[in-house]
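One chain, chain A, appears in both complexes that follow, with chain B as partner in the first and chain C in the second.
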Partner chain A sequence: MKKRYLYLLLLPGVLFLTIFMIVPIFLTIGTTFFNESGFTIQGYLDFFKDRYFIEILLTTLRVSLFTTIICILLGFPAAYYISKLGKRTKAIMLLFTIFPLLTSPVVRSFSWMVIIGKNGVINKLLLSMGLIDKPLDILYTPTAIIIGLVHLFLPLIIVTLVGVMENIETDLLKAAESLGASRLAVFSKVIIPLSVPGLVIGSILVFVGSFTAYTTPALLGGKQRVISTFLYQNAITLNEWQVASIVATIMIAVTVLIISIMNGLAKKLNPKG
Partner chain B sequence: MQEKNRGLALFTFLVFLFLLGPLLIISVTSFEGGNILKFPPEEFSLRWYENIFNVEMFLISFKTSILVSLAGNLLALLLGVPAAYALSRFDFKGKTIINAFFVSPILVPGIVLGFAFLRYIVGTYQLPIYAALFVGHTVIMLPFIIRVISSSLSNFDFSIEEAAESLGASKVGTFFTVVLPNIKSGILAAVMIAFLESFNNVDISVYMTGPGVSTFPIQMLTYVENYFDPTISAISVLLMIITAFFMFIVERLMGLSYFTKR
Partner chain C sequence: MALFTLQDISVAYNKQNILKDFNLEIEKGKLVSLLGPSGCGKTTTLRLIAGFLQANEGKFLFKDKDYTKVPVNKRNFGFVFQNYALFPHLSIFDNIAFGLRLRKISKSEIEKRVMNVLEIVNLKGFEKRYPQELSGGQKQRVAIARALVIEPDILLFDEPLSNLDANLRVNMRVEIRRIQQELGITTVYVSHDQEECFSISDQVAIMNKGVIEQLSDPASIYKYPETKFVADFIGFKNFIDFDKRVDHEDKIELSKSGYVFVIQKDAQMINLSGKIGAIRPDDLLIRAKDISEVVSENSISGRVKVSTYLGRSFQYVVETPIGDFTVNKEMTESYRAGQEIVLEIPRNQMVLVD
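Let's look at the complex of A and B:
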């Protein structure tokens, strides 16, 4: 009786996702391994011989790596500071962090076009101060994509880290200090290790998010392709569905790979074992 | 010691300047009186706000976005509430797998999901663009609906439900009169979070455009490609006001823990 209810409740959602998500995704992956004469990985072999694609893949990985590192460097101290604040101030700071997170990525990327463009805020400021004599080309470069992605994902790593750091008991820190540990020692021996789970989850979110982000590179990257804009270009502009499916499969594979590597790393680094 | 805290405070301030400064700058540029988008603006006017209403595609795509997000939300609720209830109420074999299954649309890269939708939902299944948008947005909203409502249900004491049943209430009746009223705010928060997720979505909607059909964010992208004027700044301000409004309501309904817990 109970069991029947259970299946009845789960069935509609499971069916819907299976038909409209699982099947399309698996077919997309599946078709890349077959041609007229049966099973093949020729598509992938051709792909990894293609200099142009390798370059796009490496650029995307590099951009994602830089974004992740910068997000940690900026986000970790900020999250630590926020986690130590009083209840009210902390709530306000969290609202300021969550607000950009909920704001449309189109709006957020567009704001950087206004700032780093040829006639943008930064160039005007530097020109008027006499620091440069012709505008810097920041927009439509990998640097622009990194700036936009850091702006996109920094709030995510901050809220994730604040969530973890809040759970580090104040008593533990007091105990460490009363036993003679310096502030720096407390930070490196207690806070950082206990924040590792949050750091790992945050890094996965930022790295995978950067690797697959579309809006930011589409607006700030110009002709500079990353893997997501390359996928879109093949699917829509060039109508190369076979190529697009291969790129899509590679993106899924890289995503899964990164998540499992980071999870493995997390298990090793977790102080609780 | 005090010194060090001050350094950290300054650092945090700069981080937030980086996060919020750009949003402030485009807000200011939306009041430009001249023809070119620049900062600071030369004279004050509201003409770019007026201009939003002169671009017909903005009005059409706004309507499309609202309809798709609302209809998708409704379907995601119909599919998601029973599932969230089952996952919170019962222990059964394979529960973790089912849970992961329902969250999986978040894990697949959006731009990949969109392509798969285009190829199979529009291509093979032959659904018209509007229907494909509706189905695609339902898929991406479902994980948010299930996650938020599950967390709301985890605070619900199911013994109340058992009490009602033992007093002779039917299972379905108990759900609507006892369970549902208790998770009302969770459902509303879920609806709002899912709505923002869908309304702001680019990765999926970017594949689903047709003659005169596109969602609002895609229309914004198209506009930026062709004109670099303060219209988008003005739209940004309006969108930010809506976002802030939604955020405060979600905060009232369930606090901020949803955002910090992962």
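Let's look at the complex of A and C:
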């Protein structure tokens, strides 16, 4: 077979994505810029004047940011530990890592309700120990969403980081040590900078995932809206498809913006990575 | 006086001894090579000195202080790796400055010292580049500069040239020796390349199975190997296991299965009891046998088994009553397989080893 015909192998996939994804996305974006009287950006102007929507957008960004930071803080040491293991134990540990991904977010969210609810395990424990007088409000707050999202996305960042850390030569760490670096200095001056590519990809996955997540915030957030539950409410409950399309377009724009900011940051931190 | 000493060191992995009761003393300012086949313990010895691994038993003394438990980052020894181990995320300048920055040295002093060491390794003008942009030889020079700039008490090389091609290897080893002598820095150099070690070292330690078989200056080792292993390693391919050794005033008489050989007794000869004769393929004399010839002193008749063309010379495997011999002879006269010949061992070319 000639090489140029190999492109034909791409055709089914490309065709599918074009028809069922790329075209609908552009149609959605397109409809947001038109009303009965032609081209307009009035929809967007109304949106950004609306305190309620701004509030939701900021909450979503804040939740996504905290989720990403917590995932990095929890995931980085774990990933480093796993990357240093022998082949067999590493495979087992990675299996445990991705284990949470095998249960549905719905099941997990309900489990969290049992744990952090008003009469949940945590509140009962703290009350019986006398540390608090009345139950803490965790469920149906942004904190609950963050807990659920960290649980959901931690495996992703660990797996990405392990992949990058495995490829850091041990001789580099030894070289740093022989030049006088303490363990801490080796970590901060060699391991962290060389893990930047993994951190960036992992952070993008977690941030974008958190930003667009629906099930977890819908179940653990209660009345607390995030942008995806807001979109759902407009489209399904209120039948405001124009508003829903605008929300969707804003989500796409924010996602693209976040990815390009992260990439820029990565270039700065690791110019030759 | 010894700058540092390894005392009765034992190292074992999975109950297998890598080093056993190992002793080594190295003097200040000397370049000492550890030479041996893979698995002989030379790299283990080097990593032990660097502090990358701990001995199960024994002591490491540096300037008469017990350094056995001193961590790597407090030793101030420079280490040069086989695969360079340059930090890929740092420029050449930052790579070299790495150790200085950890020492809280002022910015201007760092600048001065990095530039100075770049000049020593002939890499001026490369400070803004990144490791990926350099050739193998340049990378290794950066690695040497990075180890030198911290003014280490000992410089350690772990097969630094084995990833370079042949020409570059020769240039780099001359460089290494020049820098080492200019700075008078005590150096331990590990390699499996005999020529490399002999050409740059003050002393060579030939290692086998976790022990030093011989530690001496290169010329002495080349001429007077002490053990069969050393002799074999440095190119004595022929060995005769004699039955009897009789020492006389100025000669030694050796016999095997009734064949008698005589060698000169040399004042420098170290081995006073060995009964294995060792001789290089280049030092054996070979000639065609006349039918009527009576074989004279130190000679034995045999037959050519294999004849191999080596370019500048021929190599013959010769079968004799006391075993097979390998002989190299220049091309002027060649012998066919099966031909009857006479081998002669010159009186001053055979050494005795354990």
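Just so we're on the same page, the second predicted complex is superposed on the first by the 263 of 273 C-alpha atoms of A that agree within 3 Å, B and C clash if a C-alpha of one lies under 4 Å from a C-alpha of the other, contacts with A are read in each partner's own complex, and residues count from 1 in each chain.
The definition used in the following text is that contacts are C-beta pairs under 8 Å (C-beta built on N, C-alpha and C of every residue); 3 or more make two chains touch, one makes a residue touch a chain.
On a predicted model such as this, the values are computed, not experimentally measured, just so you know.
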Joint occupancy of chain A by chain B and chain C, clash or fit: fit
Larger contact residue set on chain A - chain B or chain C: B
Which superposed partner A:Phe110 touches (first chain B, second chain C, both, neither): first
Chain A as apex of chain B and chain C, Cα-centre angle in degrees (nearest 10): 90
Which superposed partner A:Leu238 touches (first chain B, second chain C, both, neither): neither
Chain B versus chain C as contact partner of A:Pro77, first or second or both or neither: first
First, second, both or neither for A:Glu169, with chain B first and chain C second: second
Chain B versus chain C as contact partner of A:Ala253, first or second or both or neither: neither
Shortest CA-CA distance between chain B and chain C [superposed frame, angstrom]: 10
Set intersection of chain A contacts, chain C complex versus chain B complex: none
Chain A - residues contacting chain C, complex: 169, 171-172, 174-182, 185, 189-190, 193-194, 196, 270-273
Chain B-facing residues of chain A, complex: 2-3, 5-6, 8-10, 12-14, 16-17, 20-21, 23-25, 27-28, 74-75, 77-78, 80-82, 91, 93-108, 110-115, 119-121, 124, 151, 154-155, 158-160, 162-163, 166, 183, 198, 201, 205, 208, 211-212, 214-215, 218-219, 228, 231-232, 235-236, 241, 244-245, 248, 251-252, 255, 259
Footprint of chain A on chain B - complex, ascending: 1, 4, 8-9, 11-12, 15-16, 18-20, 22-23, 25-26, 29, 37-39, 78-80, 82-83, 85-87, 90, 92, 98, 101-102, 104-105, 107-113, 115-121, 124, 135-136, 138-139, 142, 146, 171, 196, 199-200, 202-203, 206-207, 217, 220-221, 224, 228, 232-233, 235-236, 239-240, 243-244, 246-247, 251, 256-257, 259-262
Sites on chain C touched by chain A in the complex: 50-52, 71-79, 81, 83, 85-89, 98-99, 102-103, 130, 132, 146-147, 150
